[in-house]
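Each structure below appears as structure tokens.
What follows is a pair of complexes built around chain A, which joins chain B in one and chain C in the other.
Now for the complex of A and B:
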């Protein structure tokens, strides 16, 4: 049951919707009040090539062109360096505009500023670049092969990062193992590809020496700090504003070359300058994700209990270690999260982030969790299949029970609360598991359709703190978040935060928290987000953190305002002490007495708008700043259960049912949580069945449009039954846990497991489970022998 | 993704359109619904000097039943094929095929003429037109010529149309007693171009024999592919399961290419499966129609 306290726990209608649904949102592309000049980028057609000469004279002559810049012009700009303080990591500085060589297709080689984008793109055609093509490395095996061409000479062996750790007695456990299972799982390179792609607008005011940058970014604070460093400016001379955003999904939680180039141009030219990313640029250069290989080896008892796990993990980092999370994000993420809700005590990993001549990889909803749970949950089913166990049963045998919490796993991850077993049982119940199993068994093995059930049980890291980032070596992510809160003399509240909202609904959820703490209505709370000129610095909205970190800061700020307000009101009510006062429904009342003042009277008093003063006042006004650095790490958990029907004639799967049981502690707004789960699961379903960025052997992206990069539409996503278990987090403000990524984590393993489960029922099954995503219809037919064994695509 | 400069011309009559076209020849592109051409312009893969917008040419917008055939102007929108009662009722195959084109917004703008002239080998309407035996009406400086759909498609996105000609419209037969039809396809998502598609338009006689059969496949060759051997095989035979199975054995000679969405082998397999399913459905409908 959802815990309701004031407005917390209620499905309050989203305050942002009236505006956004009417098309009244103001996205980056809409910001034209400065009449900015427009930018287009000349991008490398080669995946790997030495740049011999860049000729721009003709482009400069084109009427309407204001300036053309090349790599040399950016020499004064400090290159971007992603600092990761982990042993085995190699840092490679990245210039905003390539100078000596291009190391992935789409890397910027020249920049045109013109009166409009049409002219800018006309000018691109007049630029000539002399290249000397170099061998392109486009997959991890080739990159690691002896004598491979190097993506960067500074990155020996094309290894950006390698981490090896052993926890517990792995050797001994394998020596004693009753059974050993080995399996390799692969996920494709995918894109978050938000509906609104990225973009950037900058203006420099030389009189005040202030640089204002509007960017469609999830991390305005981090961009603020980095630009100050790169340009050698004072932080006070910079303001970053993230306007309305049409999605981010982690893709906008990186700093990109364009976000350095555009402000640089605005300063250099003393003109407002703007660039709006098109879809081709988004797919070509927005950070990619996944492209992982998990080689797993498990020591297992005859009862199906995993006693030890070995992981060799390869991630394709692309050409650069993206800022600020670095290429270690996925490599350490997958290796650290894979144990999930299971009690595996002996564990060893060897994880490598490999440099290739592809676009950099980075954060995308779920980060490595969809892929690591794809691997471990796939392995669970394979073991269960071999041992004749039901997939639910093998999970029960390995899962942490609530009685065993709190629990610290061999890596040192601390789970303070959760409901792993309860969530599983609830999901089974909700899906009528036993009944569907019965239905399934009544379909003849030689039928042209089969039903399958897929499970995914997972933990989700959320609200990572400063210590959490420190432990993963991420140097440039502060980990705390913050708000400035002001109650004005009329008693309404404004919350200023650098946390952005790209779909999360912070206008609503932060207002619910503040309204609850201050005894007012959510409509009386205004949230102003994503502006470093108005709010204290923080971290940003990504990695399932804002409800914990931003929400926590709102709780704290509201309590501080309440404290001041009660003292002021006490002065107006017979000098009653705060303990004898209560706040609610717009009044401050004396407990058990008739005495009261309106909130508005108390607020006005706090400001001392009328002269006269009051001794109870400690500081004038009702404006506070609050920071919140959450406890080291907070884990929510969930179970996805997918039921699919396979058409074994066409190979197409169809969803018959989809159940999610989620436990993210106390819910602030259940409707918003459900929306996050559905949206995430839609993306996970895309990852399971549709999405793949394909490169040719020369490093050319073959899927540079939404015609070829297939994302799910409403028709591809089933209706979902979403249920909640509420195990409040004992350590966060409000008992909340983050959950923004969860939907995307569970769908990939649940869907592929369901497909495999259905395949197993077919008499024609080849005995080989699908261990690679996405699963295309013909992959399914291949597993029942209807399409030849290994097709030309190497599957 | 902004187009290269071009000059935009808007003729108000077919004569004016043809005259303009004759004057500028190779440097001109006709703009109909823009659903294929505009993306090409934006990617600068098409860079005409002149863009001739035919949307205001009245002679190209018509939809009428005449002399036992359905006549469609080139500007007939995909969505009209399913929405207009006269079109849907008389030629349900077109409605069924058009429903599989892209999404609502695309169907509301895209035109029948544009789809045929663009001639994507995986497109629905070209295959349907071949199955129907549509007759295309082409206007040029020398007057009007009529071309059967089967002869119009000459290669990969290449059609029998001179740079100074415009496809003005076409006519197709209408359903009568014993007519059956089906359009089936497999695509990764609804609205995507077909991995394989099959259009069938046939009629049975009162003895249940195939009287006339038109079958064309989408997505399996460099152009919409007419299953001539199968058509010939079926005519005069009894419309039953064994005959359909035997016809499938005759299905050969097309040449699909594998790509990131489907291998050659899968396209071939789907073509065969859909062929059988579409024939079955068409026969069933024809039998109900007798």
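Now for the complex of A and C:
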């Protein structure tokens, strides 16, 4: 049951909708008030090549071209260095524009500034670059092979990071293991590819000596601090504004070369300058994700209990360790989170982030959790199949129960609350699991359509704190967030925050929290987000954090305003102390008495400059700044259950049912939470069945449009039954846990497990499950064909 | 760069402008007329974010040149409802939480207006087929389908949805 307190827990309709529906949103490309000059980039056609000469004279002469820049022009700019304080990590500075060599196809080699984008792109065609092609390294095995070409001489063996840890008695557990299972799981390289690509606009005002940068970024505070450092400017001479964003999903939570180049140009040229990314650039150079290999070895009892797990993990980091999370993000993420809700006491990992001549990898919804749960949940099904156990049963036998909480797993992850078993049972019930198993068993093995059921049980990390980032060695991510809140003399409230919103609806949810705490209506609360000129610095919106960190800061700021307001009102109500007053429905009332003032009167009083009669207040006004650095443990949990009908003639799966049971503690707005789950699961379904960035052996991206890189359409995503269990977080403000990524985490394992389950029932079953995502129709047909050839009936 | 003078009607307002012959209709609407509600997601006709109605039919405005719209009637998202009002579809999108980031929304709305003008009460699978050329990366589509279904159910037995413009939006002089 959803806990309702005031407006918290209610499906309040979104405040941001009307303007977006009317086409009045202000996305980066809509910002034309400065009549900016337009930029286009000349990008390397080679994955790996030495740059011998860049000839730009002809481009400069094209009418309408303002300037052309090459790598040398950016010499005064400090290169971007992603600092990760972990043993085994190698840092490699990155110039915003390549100088000596290009390290991946799409790396910027020259920059054109022109009157409009059409002219800028004409000028690109007039630039000539002499390259000396170098051998390209495009997969992890080739990169790690003896004598491989090096992506960077500074990165020996092409190993950006290697981390090895042993927790518990792994060797002893394997020595006395009753059964040992070994399996390898692979995920493809994928792209978050938000509907709105990235963009950047910058203006330098020499009068005030202020550089204003509008960027489609999820991390304006981090960009603010980094630009000051890179340009050698005072922080107070910079303002970053993240306007409306058409999705982010982590892709906009890194600092990219263009976000350094555009502000640099605005300062150098003393002109407003803008660049809007096109889709090809997005797929070619936006951070990629996954491209993981999990080699798992499990010690298992005959009853199906995992006593130890070994992981060797390889991740393809691409050419650079992206800023600020680094190439360690998924390499350590997958290795650390794979134990999930399971009580595996002995664990060992060896994880490597490999440099290749591909676009850098970075944050994308779920980070490594979709892939690590794909691996462990796939392994669970394989073990269950071998032992003749039901997939639900093997999970029960390994799962942490609520009675065992709080629980610290061998890595040191602390789970203080959750509902792992309860969520599983609820999902099974909601999907009529036993009945569907019955229906499934009645389908003959030689039928052309088979039903499959797939389960995924997972934990989701959320709201990572400053300590959390320190322990991951991530030097440039603060971990706290903040708001400035002001109640005006009229009693309405404004919240200013550097947290961004790229579809999450913070205007609404933050207003719900403030309205609840202050006894006003959400419509009386305005939220201004993503602006470092108006709000204190913080971290940003990613990794399922804003409801915890931003929400927490809103709770605290509202309480402080309430405290001041009650003291002021007390002065107006017979000098009653705050504890005898209550706030609600627009009034401050004396408890148990008829005495009251309107909130508006009290707010006005707080702004009075003259003294006398209001000596109870410390300072005038009702304006506060609040920070929130969350506690270290904020883990949501959920179960996805997918039922598919696999057509063995076409190779296409069709969803018959899809159930999600989610426990993210208290919900602020159930409508928004369900929307996040549904949308996240759609992305996970893409990851399971459609999405793969393909490179040719020379390092050329072959999937550089949405015609080649397929994301789910309205025909691919089923309606879902979404249910909640509410186990409030004991340590966060409001008992909330983050959940923005969860949908994307559960879908990949649940859907692939369902496809394998359907295959397992068919006569095409070879005993070998599919362990590589995405599973495309041709993968199914290949299996059907293989069996057909041997079986002789041609199908 | 060679230009041509074109006359066309956008959201019920007839206007004449000189445009470069190579300028896309999407860029013309956004840059020359200031109607930035039409969004450009891919420039290849794959995502549908730039969908507008041209003489009542949905077109991807990134795939047309502005000069090809000479003499035609265009409706953009800004023309769907009068000032400060919401079209029934816009209201249904709000009620059903059918948008998150809002970037695909204008194209979705115009694709839906087109569907409802042909079929006033479409079923979910017809809606899904009709929207398959409009990508959304946030919502998973389900609430979009529900919103369109709800408008269809509400309109069942009544007149079809008009594909004409009601509002004008703030067209740049």
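Quick note on the criterion: the second predicted complex is superposed on the first by the 778 of 795 C-alpha atoms of A that agree within 3 Å, B and C clash if a C-alpha of one lies under 4 Å from a C-alpha of the other, contacts with A are read in each partner's own complex, and residues count from 1 in each chain.
One rule holds in what follows: a contact is a pair of C-beta atoms (placed from the backbone, for glycine too) under 8 Å apart; a residue touches a chain by one contact, two chains touch by 3 or more.
The structure presented is a predicted model; accordingly, all values stated were derived computationally and were not measured.
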Discussion item. Which partner chains sit in contact with A:649 here, chain B, chain C, both or neither? Use first/second/both/neither.
Written reply: first
Worksheet item: What is the contact status of A:279 with respect to chain B (first) and chain C (second): first, second, both, or neither?
Response: both
Worksheet item: Of the two partner chains, chain B (first) and chain C (second), which one does A:781 touch, if any: first, second, both, or neither?
Response: first
Discussion item. Looking at A:682, would you say it contacts chain B, chain C, both, or neither? Reply first, second, both or neither.
Written reply: second
Worksheet item: Which partner does A:114 reach: the first (chain B), the second (chain C), both, or neither?
Response: neither
Worksheet item: Touching A:706 in the superposition: chain B (first), chain C (second), both, neither?
Response: second
Item to complete: Using the superposition on chain A described above, determine whether A:690 touches chain B (first), chain C (second), both, or neither.
Response: first
Worksheet item: In this superposed model, does chain C or chain B come into contact with more residues of chain A?
Response: C
Practice prompt. Using the superposition described at the top, list the residues of chain A that contact chain B and also contact chain C.
Written response: 118, 278-279, 707, 712-713, 715
Discussion item. For the complex, give me every residue of chain A touching chain C.
Written reply: 13-14, 16-18, 20-27, 29-30, 32, 118, 193-197, 244-247, 249, 278-279, 502-505, 671-672, 674-676, 678-683, 705-707, 711-715, 717-720, 743
Discussion item. Please output the residues of chain A touching chain B within their complex, sorted ascending.
Written reply: 117-118, 121-122, 125, 278-280, 649-652, 690, 692, 694, 702-703, 707-708, 710, 712-713, 715-716, 776-778, 781, 786-788, 791-793
Worksheet, complete the sentence: As the complex stands, chain C meets chain A at residues 1, 20, 22-23, 30-31, 34-44, 46-47, 49, 76-78, 80-81, 86, 90, 93-95, 97, 99-106, 109, 127-129, 131-145, 169
Practice prompt. Provide the residue numbers of chain B that touch chain A in the complex, in ascending order.
Written response: 1-5, 43-44, 186, 188-192, 258, 260-266, 269-270, 273
